[in-house]
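By letter and in written order, the chains are A, B, C and D; residue numbering begins at 1 in each of them.
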Amino acid sequence: MKDFKSLLADYKVIFFDSYGVIRNYNGLIPGIRQTFEWLQAEGKSYYVITNDASRSPELLVESLHRSGLDLIQPDQIISSGMLAKEFLDNKVKTGVVAYLGTENSAHYIEHPGLEIIPIQQVNEKNMDSITALVLLDDEGFEWLDGLNKAVNLLRWRTIPAIVANPDGAYPISKQKVGIAIGGISWMIEKITGKKFIRFGKPDSQIFMFAWDQLRSRHPDISKKDILMVGDTLHTDILGGNKFGLDTALVLTGNILQEDVDTRIASSGIVPTYICHSAVIDNQLNIYNK
Amino acid sequence: MKDFKSLLADYKVIFFDSYGVIRNYNGLIPGIRQTFEWLQAEGKSYYVITNDASRSPELLVESLHRSGLDLIQPDQIISSGMLAKEFLDNKVKTGVVAYLGTENSAHYIEHPGLEIIPIQQVNEKNMDSITALVLLDDEGFEWLDGLNKAVNLLRWRTIPAIVANPDGAYPISKQKVGIAIGGISWMIEKITGKKFIRFGKPDSQIFMFAWDQLRSRHPDISKKDILMVGDTLHTDILGGNKFGLDTALVLTGNILQEDVDTRIASSGIVPTYICHSAVIDNQLNIYNK
Amino acid sequence: MKDFKSLLADYKVIFFDSYGVIRNYNGLIPGIRQTFEWLQAEGKSYYVITNDASRSPELLVESLHRSGLDLIQPDQIISSGMLAKEFLDNKVKTGVVAYLGTENSAHYIEHPGLEIIPIQQVNEKNMDSITALVLLDDEGFEWLDGLNKAVNLLRWRTIPAIVANPDGAYPISKQKVGIAIGGISWMIEKITGKKFIRFGKPDSQIFMFAWDQLRSRHPDISKKDILMVGDTLHTDILGGNKFGLDTALVLTGNILQEDVDTRIASSGIVPTYICHSAVIDNQLNIYNK
Amino acid sequence: MKDFKSLLADYKVIFFDSYGVIRNYNGLIPGIRQTFEWLQAEGKSYYVITNDASRSPELLVESLHRSGLDLIQPDQIISSGMLAKEFLDNKVKTGVVAYLGTENSAHYIEHPGLEIIPIQQVNEKNMDSITALVLLDDEGFEWLDGLNKAVNLLRWRTIPAIVANPDGAYPISKQKVGIAIGGISWMIEKITGKKFIRFGKPDSQIFMFAWDQLRSRHPDISKKDILMVGDTLHTDILGGNKFGLDTALVLTGNILQEDVDTRIASSGIVPTYICHSAVIDNQLNIYNK
């Protein structure tokens, strides 16, 4: 048994999930600021790895700063939206890209040479010029019209369909969730039979993106030097484990203390550690070490 | 090679799918009236077995009559909505039943002792009194609000969730489909982890319902006397085959002539016959007989 | 709170699952004989509804008699193997039927006009004459050879593939399970893309088969007069509920007392009652009545 | 329309799938040697990216050399087995690792500090010391016994389960396939509910592994300089596309010329190019460029 600070001390770099670890629907997790102050004082590197494609890193950081956490900068944010952008850069060089999401989310996919249109502007005239469909966010469009247009676009055009957030739902209060764009993508994929490309945890590519940025600054870093901290077994922990990182599950988000053993045993997804929270003076239960 | 009339002559009872067999987005299939006139003249029984829970048998028949087909009566319609009704009659005797669909679809689930409310009326005050959720139709509610409410209701209450139409999509024009309530149910089921109860073809229970009605009128009938005519492999043909009926696939709906062999071979779902249409003077290709 | 006897008293007919309710790997559930003695004394009807296609009703009954339960006769057994037989009778009238299973299981599918061969006898010479593949039991063939032959048969021939037991695994001791033929069918279905026809709970057709037999003896019976007793949520309880029956979950098989609430809440499959066992003097917790 | 040589000329690095591209069940694809001679003469880099965990890179190369292709060396092979090894290196440092596969495949997972045992040696005495299960190859063990032991091990122990080849089946002759270890993993995952970790195309991690090796030798290389050549849409093409590479589908393996358009349209997986084969003088159809 040791505290979360002693655990962090064993690693050079910490990857944090955002929602459920740093903040939740009530704002910042109480005390989390201390953790980042300590990391800065110790000269440790940290990144936020998030399945959030609703806003740019700048806007995500602005929101954290407004909440009182000014210790994270845009270049420390790795979001699944950035992977969608990289995909379009490499693979979709021309034409019109249709998207589901808000205008804020659409900034991810702006690119010289591409025209970007919201799903509601897809029509019989422009359909043949569309070269990709990107699902960014569950807001910013009328569902009945937008989802039906997405289905018909994929039936008509053989084009890449990209989902920038694989999550099925996200918490909006202690009791409620909202359907996320990842959940919507399951339905469209099953109806159309078309294979979507999904970016975001647990997929390795977002970890690789962070890992590449990290190595460009710290060439001698090893995967053994990194700890992934998250609140969700199927994204943060499964993805971190698969990428070869040690993982710490915190209980300030998706999983309650009383359910944690059952959830691990029934899924077979095993974090290296289980901790009450990512606050540094918190009690730590060492698990399976 | 014989015509569709000679095929019908071999059976005492014909089950017809509606959409894609009797009518489509353009109205009645040209010539289909002859088929029903001939069946009546020959004294053969026929039923329409449909995955349509959007309207009562009376309203479904009214619409056929308006199209010019007055040879089908409400007691010849077996719809998946009737199965949902039977389920509630047997299993949900009290409380409030929430539904997704139009007011027309809600007639299916009206029952003495049950209060019926549309999904948008579910709120924190009445949530604890809800005893079932029924997905009837994809229209009649605002999707973003209604689908999120359905997800949260199933997270909060351990109650039966019933889908009265298992189809994922339905054709609305030659080129376009609309997402059907069955497709929506896949998403909600995957997000919540709750097991839905699905009624409608290919499930056996709708065939059994028709079979029971048929036997009450014709006690000596055998499954070998029945032909199921449909345009969809995964519902009409799979369901008919499994129930033990001979099946005829017609090409006036979901499947094009040029794709039929591939679709059968890749799915492994084999109709007893393949026919151009259900119009009686049509050419018939005998398949696998 | 009342005992299991008072519960049975409310119904005219009881459907029992076999494994986990009447017996388990240790033999008969202690005291279960009293239940059947009481049912006989009271003149109530009872049936065993089992996803077991490994042996004929006669052999299943013989085994119960050897265990000391001589109060069940072959005509009270409804097994998923009988559904496979009915399917072949109605739909596969000629040719060669290949099967996976023991010789005992093959008795189900013997039929005048059909040649029956075990999977290991399928070869390049007879492959073109094979008209159906039936998965009956996980024993009686060499897995590597048999499963590969089944996959290649379905790739080569467009024929019905029938699974007479949908269960993925079955208990062989307190700690161990064995992979059942239903589990094997999931793998073959996913590899080949061919749609299997599955018989057995939770599918309605096995309940309808029992219901038809019951009505032929008791024409005035109603679904409200029947109680389904089982130990498995996804087969006995889901299937019974969907068919419109009241259901009682017993805790002598698949589900432990401490897990029962979680299992019901996470699956959304709700039995009408939960009971310690199907032994008549046992304590009964009334659930959701 | 240009030939395959002109296509290769546009890239600095070529990634080849092995089976269906370089060789098949008949040995080397006729003429493929010329391609590698030309690549060597031009000073281009090439790698083989294979979902084969049955043998070490040394043994895979030895087999290519015996077939007459001595232009590929072990350090040009990236196999999914190497990813399984890296995972164990990073995440499973102690205890006993059980595996399914031949002794040849087991070389991948040998590691100081780990004891490696074949699945048949798992028993009640050593079960509690097992720290991972690795599925390497479909041969080298008795299926009935081995698969049941794998299921029971995962029910008893909450440990990582790794699959080093995600393919469901592999061709063994023009007409026949064999069930691959990836197909077996689907069944075990569904029966146990435990989440497997899968390595191999289309997963990004194998591409990243190759990309990291490539950059250590050629630091200035960009993803735009690489062409992935493969015969399978769901692995080679989907994985290459997602990683951001241009992709060429060849028709010497899984897909026939007459099916290629249907397969692309129905899956939505779009290669940058379609070519008859990877032989350099072959005709090339430019697709969607």
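Following the convention adopted for this analysis, a contact is a pair of C-beta atoms (placed from the backbone, for glycine too) under 8 Å apart; a residue touches a chain by one contact, two chains touch by 3 or more.
If you're wondering where the values come from, they're calculated on a predicted model, not measured in any experiment.
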Which is it for copies chain C and chain D: same residues on both faces, with over half shared, or different residues? same
Taking each chain's centre as the mean of its Cα atoms, which chain lies farthest from chain C? A
Can you work out the whole-Å distance between the CA centroids of chain B and chain C? 28
So what's the Cα centroid distance for chain A and chain B, whole Å? 40
What is the distance, in whole Å, between the centres of chain A and chain C, each centre taken as the mean of its C-alpha atoms? 44
For chain B, give me the residues that contact two or more of the other chains. none
Chain pairs in touch? A-B, A-D, B-C, C-D
Show me the residue ranges of chain D that touch chain C in the complex, using the header's touch definition. 138, 142-144, 147-148, 151-152, 155-156, 168-169, 175-179, 183-184, 186-187, 190-191
Considering only the defined contacts, which chain D positions touch chain A in the complex? 86-87, 89-91, 154, 158-161, 192-197, 203-205, 208, 223-224, 234, 238, 241-245, 264-270
